[in-house]
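Consider the two complexes below, in which chain A is the common component and chain B and chain C are the respective partners.
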Partner chain A sequence: MNARRNNKIATGVIIGLVSIVVLILLSLIGYILITGLPDVSFKFLFTESKAFAAGGGIVNQLFNSLYLLVLSLLISIPISMGAGIYLAEYAKPNWLTSTIRTSIEVLSSLPSIVIGLFGYLVLVIKFQLDFSILAGSIALMFLNLPILTRSIEDSINSVSPLQRQAGLSLGLSRWETIKGVIIPEALPGILTGIILSAGRIFGEAAALIYTAGQSAPTMSYTNFNPFSETSFLNPMRPAETLAVHIWKVNTDGITPDADIISSASSAVLIIVILIFNFGARYIGNRVYKKLTGDK
Partner chain B sequence: MKQYDLTKNNIIQFKPERVALDAKHVNVFYGEKQSTFDVSMQFPKNRIIAFIGASGSGKSTFLRCLNRMNDDVATVDGQINYEGLNINSSAINVYELRKQIGMVFQQPNPFAKSIKDNLTFALKKHGIKDNKQIDQVVKSSLKKAALYEEVQDSLNKSAMSLSGGQAQRLCIARAITMNPDILLLDEPTSALDPISTKKIEATIKELSEKYTIIMVTHNMQQASRISDYTAFFHMGHLIEYDKTSKIFTNPSEEATEDYITGHFG
Partner chain C sequence: MSEIKNKLLKPSKATKQDRFGRRISVLCIGLIVILVASIIFFIATKGMATFISNHVNPIKFLTGTDWSPSQKMTGALPMIVTSFGVTLLAALIATPFAIAIAIYMTEIANKKGSKFLQPIIELLVGIPSVVYGFVGLTVVVPAVRTLFGGTGFGILAGSIVLFVMVLPTITTLTIDSLNAVPSHYRKASLALGATRWQTIYKVILRAALPGIMTAIVFGMARAFGEALAVQMVIGNSALMPTSLVSPTSTLTSQLTTEVGNTIMGTLPNNALWSLALILLLMSLFFNLVVKYIAKRGQLK
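So, the complex of A and B:
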């Protein structure tokens, strides 16, 4: 009887705790969406922000966020793929490997404002990148690398060692086995890791305030020359992202509708991140089915 | 457990022209620990040779030496001669070697790909691009592994949807696509049900017409049912190697007799 009662108590406590977590999350997301969504319109999404007058939009900020995201993923995916494959497949358990792992763990717990200030000192000042998308994406890479490396390593490790033996026994080299057998099987996990980290980058503000800057100068979406100063593709221009915009509007916004802009931007941010998360699951499943021939 | 004289052994020899693979004085070390002691034995062509012995007797370890699957895991001393070459030398191209000496493992390990891709993946990597030839190999390998009838309509389905026995036959088919000389089977049926085991045994029997088959088994009935020669390993030593009928009816070593009559192991 005692075991039964204990089990009931434990189950009850666990359900209670989980409900608290779910309740907090749902009410947060709900609050942001309910206060923000009514003010989100096509006009809001597709007009430029205004410094003083009411009625500004977020088109540049939204684009900057996406552009920064793409650039920083372009830099960090190859590096973390290499690191993840090395750690999972080649690294022998010695002091070097454990130093690398410890460094990655330390790096992943670094506060993003520290990464932002480091980026400011090293990239913006020392390397004279100024406040730019490039400086911002490198700073985001620092933030992103440890998590991405870790999730890639975990996905590769979760592939059964039997698969490696199978590859080797067919006269394939280790690299051919990794490339043709292991990575395709680990790909859904890797993709999920990438997309989830994309969500994190998208919402990042602190690391960008001092690297990508807080201004969104007017730019032309028809100028496709990345070296032109007014081009939307120019990686050397300062770029305020959506998350930085929210922070800025709240700290020193002087437009009369600062509150509305802030809540509407937050709602947009949340929705984009939700899309990333659901997209991660969907794409991961699709890719897995495609690669494994499970039609 | 009773102590036996591990240096006393009885090992059959074959005429040189019958020998497919010839191991001489093979010692295997895992770091400091030696797991195989001075094993010398010859494998006759187109026969089924079974390794029996208790867990930890070194039979699987020795089997894995024969296509260099112990590289990176253990140190292997001694000579293993195949077509006039010592394949245990560092000069050997192990990738080419493993095409000649294929292997099937204890747990079925098909790739997480379609049934067809399981068979063609390695072929393509080895430079065979002609679709007709590839289709031909897929069909003939599946037939040899007695799987063709069951999967001919679902070649594009995931190999993960196969049952354990089917998956293992797919692994055998996959090994055959390389057109090897020798097939190493490491307890190929120990993870399978009795019906699948029967099918695989029949497949192995048929395959021995074309290939030399060396298999490790935990199941003595299996060894006596399908093998032509049986080798008994004990504590890393090869104790007795002879015709299967002789091993199971009239073994010359005491350890062998005790093992097959169930005194230990």
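So, the complex of A and C:
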């Protein structure tokens, strides 16, 4: 009866390990939310940060994070769309395709600090973009491209081949089939992939420290001219994001209420990312239902 | 006649569109390949500058233990040892937990259990690394300080933070590889009278071994390249670690703290780029290992 006893012991051990992990996770999330949320107030969200005094807010950092996110998605979606379509529809199984796949795998496994340093070297110094939103959003694009390309390729591949054959047999060209039949069918998957990658970009800091910079200069939210120095839309200004802000107040040690700022900002980050995660699921389901007429 | 002939011989509008679309998609994929090539090229040339223009002996660079580039001492061994230390330790702690969760979710739990665990693991992937670093700084470091003495900063704190960070990576990939084991393996084993644990241990885990190893390598790659979370709890002094709780520095943390303080083209700066090159090479190495495992796994 040894085997049966071992079975019981093993099952017990496995359940024990799982419960330890669940406990760690719940207390991690609970810790962030419980220590952070009481300090999240309208005042905190909508006042500017202070480097040397207590009581600073995060309004500029929050806006910078969102602005960087939007800009980098704007440039990375079209490129990864094209790349995903190529891999799913045009790529033949030969050495060229396997080289392409390998290079995408390499890009996705590069540490984000290496991508950040590459961005610093090429964008900030060689192309003289300085520490700017533009340089930051391009660096984020580098991070985002492999993830998005893969998720777009997967969603296109999951479209049934019958759809493709039907499109082609109706006399549509290959491109028309892709554009009119396959992409709409793959759209829920693509959208989910985009939103999930947005969550990842939103919390990224290592790639931004040396590309978007570590300072958030005062800007005017009423100046809508993107070429003006003080405008909030100007892509050439340095922009510290929320995640970089958390890192900076903790490592600099000059802000007196660094603990409060970072715990509150962490809570804000987690909540935004939770929204992204749930949003991805919700929108994916909604679009799927809408497109397929499924009630 | 010639008009019709012309029309027939010329590509139609649909063909033109087709070619146009194809060209665009080739352009996009080409852009990515060029990007990867230039990342490798730029980091490699910058990283080699230490050895070519500053004439630092590469072997001394890798084995020296004194890091103070402004005084021409460029021994990167402390950072290399610490990077490998935190990576291995984190993978070592995370693997049993990850395998346990994966077994639980694929073999033991009912639908409710796995429905509860799935979103938690996904959320864990989504938590930004600075948040892990911050929690590490406010919870793990003080805890290590009271339990083991020292300042609390060091390899142990770094590994604990990384353990939580790589756990979801290893877990999700392990779940995938357990799910890929054909269900008739399970049925055959159970039909032979094996208990559930015997089936898991002797059949499923064996069959999924290449996948599990790939999962561990991916987790290690993530741990090795993680910068900010580690930087916040490792102590950031480029000294050889004397114990698990002595402040030290990883390749990534050294890069994060120092790149801004050095001047382009000087030895201190070039030496940092050489550290970045080591990171890049290790990331390529992890990729190769994954490829190798996949190939070996296929043959069986």
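In this text, the second predicted complex is superposed on the first by the 269 of 295 C-alpha atoms of A that agree within 3 Å, B and C clash if a C-alpha of one lies under 4 Å from a C-alpha of the other, contacts with A are read in each partner's own complex, and residues count from 1 in each chain.
We adopt the following convention: a residue touches a chain if its C-beta (ideal position, glycine included) is under 8 Å from a C-beta of that chain, and two chains touch if they have at least 3 such contacts.
Please read all numbers here as calculations on a predicted model, not as lab measurements.
Engineer: After lining up the shared chain so the two structures overlap, which partner does A:T11 touch, if you call chain B first and chain C second: first, second, both or neither?
Structural biologist: So A:T11 only meets chain C here.
Engineer: Give one of first, second, both or neither to describe whether A:E176 is in contact with chain B, with chain C, with both, or with none.
Structural biologist: In the superposed model, A:E176 contacts both chain B and chain C.
Engineer: In the overlay, answer first, second, both or neither for which of chain B and chain C A:P184 touches.
Structural biologist: The answer is first: A:P184 touches chain B but not chain C.
Engineer: With both complexes superposed on chain A, which partner does A:A54 reach: first (chain B), second (chain C), both or neither?
Structural biologist: Neither chain B nor chain C is touched by A:A54.
Engineer: With both complexes superposed on chain A, which partner does A:L74 reach: first (chain B), second (chain C), both or neither?
Structural biologist: In the superposition, A:L74 contacts neither chain B nor chain C.
Engineer: If you count the residues of chain A that each partner touches, which comes out higher, chain B or chain C?
Structural biologist: Larger number of chain A residues touched: C.
Engineer: Identify the partner contact of A:L168: answer first if only chain B is touched, second if only chain C is, both if each is, neither if none is.
Structural biologist: first
Engineer: According to the stated criteria, A:L45 is in contact with first (chain B), second (chain C), both, or neither; which is it?
Structural biologist: neither
Engineer: Between chain B (first) and chain C (second), which does A:L291 come into contact with in this model arrangement: first, second, both, or neither?
Structural biologist: So A:L291 only meets chain B here.
Engineer: What part of chain A is shared between its chain B contacts and its chain C contacts?
Structural biologist: 172-173, 176
Engineer: In the complex, go through chain B and note every residue touching chain A.
Structural biologist: 67, 69, 94-99, 102-105, 107, 109-117, 121-122, 125-126, 156-161, 171, 174-175, 178
Engineer: If you look only at chain A, which of its residues touch chain B in the complex?
Structural biologist: 160, 162-163, 165-173, 176, 180-181, 184-185, 291-295
Engineer: Can you list the residues on chain C that touch chain A in the complex?
Structural biologist: Result: residues 14-15, 17-18, 20-22, 24-29, 31-33, 35-40, 42-43, 46, 96-97, 100-101, 103-104, 108, 117, 119-120, 122-124, 126-131, 133-135, 137-139, 164, 167, 194-198, 200-201, 218, 221, 224-228, 231-232, 252, 255-257, 259-260, 264, 273, 276, 279-280, 283-284, 286-287 of chain C touch chain A.
Engineer: Given the complex with chain C, which residues does chain A contribute to the contact?
Structural biologist: 3-4, 6-7, 10-11, 13-15, 17-18, 20-22, 24-26, 28-29, 31-32, 78-83, 85-87, 89-90, 99-100, 102-107, 109-115, 117-118, 120-122, 125, 142, 145-146, 149, 172-176, 178-179, 199-200, 202-206, 209-210, 243-244, 246-247, 250-251, 259, 262-263, 266, 269-270, 273-274, 276-277
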